[in-house]
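Letters are used for the chains, namely A, B, C and D, taken in the order the chains are written, and counting of residues starts over at 1 for each.
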Amino acid sequence: MFLITEEIILPNNIELKFPSSKVGAKSIFEGIVRDNNLGKSVKKLEYQCYEELAIKEGSMILKEAVQKYKIDDAFCIHRTGKLEIGETAVFVRVFAAHRDDSFQACRYIIDEVKKRVPIWKKEIYESGESDWLKGAG
Amino acid sequence: MFLITEEIILPNNIELKFPSSKVGAKSIFEGIVRDNNLGKSVKKLEYQCYEELAIKEGSMILKEAVQKYKIDDAFCIHRTGKLEIGETAVFVRVFAAHRDDSFQACRYIIDEVKKRVPIWKKEIYESGESDWLKGAG
Amino acid sequence: MHQTIEITVHYFAKLRDLTNKEKESIEIAIESTPKDIYKQLNEMYGLPDNPNLKIAINDSFASWESELQDKDKLVFIPPVTGG
Amino acid sequence: MHQTIEITVHYFAKLRDLTNKEKESIEIAIESTPKDIYKQLNEMYGLPDNPNLKIAINDSFASWESELQDKDKLVFIPPVTGG
């Protein structure tokens, strides 16, 4: 399941989900708002999202992960709106029988989300200025 | 910090730790007791541990991870004693500025823990039999 | 007199800042493509000249040469920077 | 009459099951090595003949040829299977 939310992401609440008894490996990745980027002091972040396509593309990425790796379940939630330092911007969780699959699928998902899901990040600096980040592609 | 515990591992409690404001990536791996291995139905697991050396070797692995990768913090806790299906046997968490480091360090830690930390796993099967697993090395 | 259709254009990130709009309806000539539309918007709002943008029509990726239909939703997608 | 020293041997996993002991104190000849001790234990308890074991003396990895000292703690470490 791929979700977009304006609410604060609390991994502990997500983690209430119990895996199936076949699951031997759980991999989690969290992207967190940090206080600096490319040498500038970041005060907060704003994420804008093209939600309809983001959900479509995000769900496609999770489906690809299930096809490429032997995993039981893949989940991703991405935050939008204004985020403070230390808040979770994106959370990925994979359940698998074995760790090699859970690690690889988790990495695949976050890498593809960052490449393909239409979400944009504006950095608001300590100086008061702000700027949309330049994407790679 | 590397810990050994006989108590049930509750990742939600561990996760109360808040990362520093420089942290942009958190990677977690959890090894969970699953209900089958090598074609046999597993009922529960028993982990035995040579605790003094396990703590030494585990702490050394975390230190190596900090030296090899650009990470902020590495944490690992390993359970001992009798574990039920679905319980967490080992939990690894890495904080880093960037995801490449957090993923690689997390993988390094669990791989080395499984190779080097003196802990042994006995599988107790549905049939009533039990067996110490054969290690690779 | 030209025959026209009406489409909606949605703006995100830098493009939203430059147009100062989340979306707008525009009347365009039939058989227009995203390429044609972008040229008009570029003149109107001073959007970037050689943009590295992808196209979505009705929430699916599409090409710069797609022929737009009446009521279509068109989005110019800047390089993404989520995560 | 030989001079002897006393060491403690700790057992884990399969070795604990075979000896039915967590640990025991044994008297050994001075200048004995883990190799010598294992030979004795192998005869006494039927431990594996060609074991793939590592050695720890006083909670640090050591070699099969280390010379044991009085009061040493000796552990034969089977291939680990944690995680």
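In the analysis below, a residue touches a chain if its C-beta (ideal position, glycine included) is under 8 Å from a C-beta of that chain, and two chains touch if they have at least 3 such contacts.
None of the values given here were measured: they were computed from a predicted structure.
Touch-path distance (fewest steps) from chain B to chain C is 2. For this pair, chain A with chain D, the centres built from the Cα atoms lie 50 Å apart. Separating the centre of chain C from that of chain D, both taken as means of CA atoms, is a distance of 76 Å.
In whole angstrom, the spacing between the mean C-alpha positions of chain B and chain D is 27. Centre to centre, using the average C-alpha position, chain A and chain B are separated by 24 Å. Counting partners per residue, chain B has 31, 110 as the residues that reach two or more other chains. Per the contact rule defined earlier, chains pair up in contact as A-B, A-C, B-D. Interface residues of chain A, counted against chain C in their complex, comprise 31, 47-50, 52-54, 56, 78, 89-90, 110, 113-122, 132-137. The touching residues of chain D, counted against chain B in their complex, run 10, 12-14, 16-17, 52, 56, 59-61, 75, 77-83.
Residues 11-12, 15, 18-19, 21-36, 85-86, 97, 99, 102-103, 106-107, 110 of chain A are the ones that touch chain B when the two sit in their complex.
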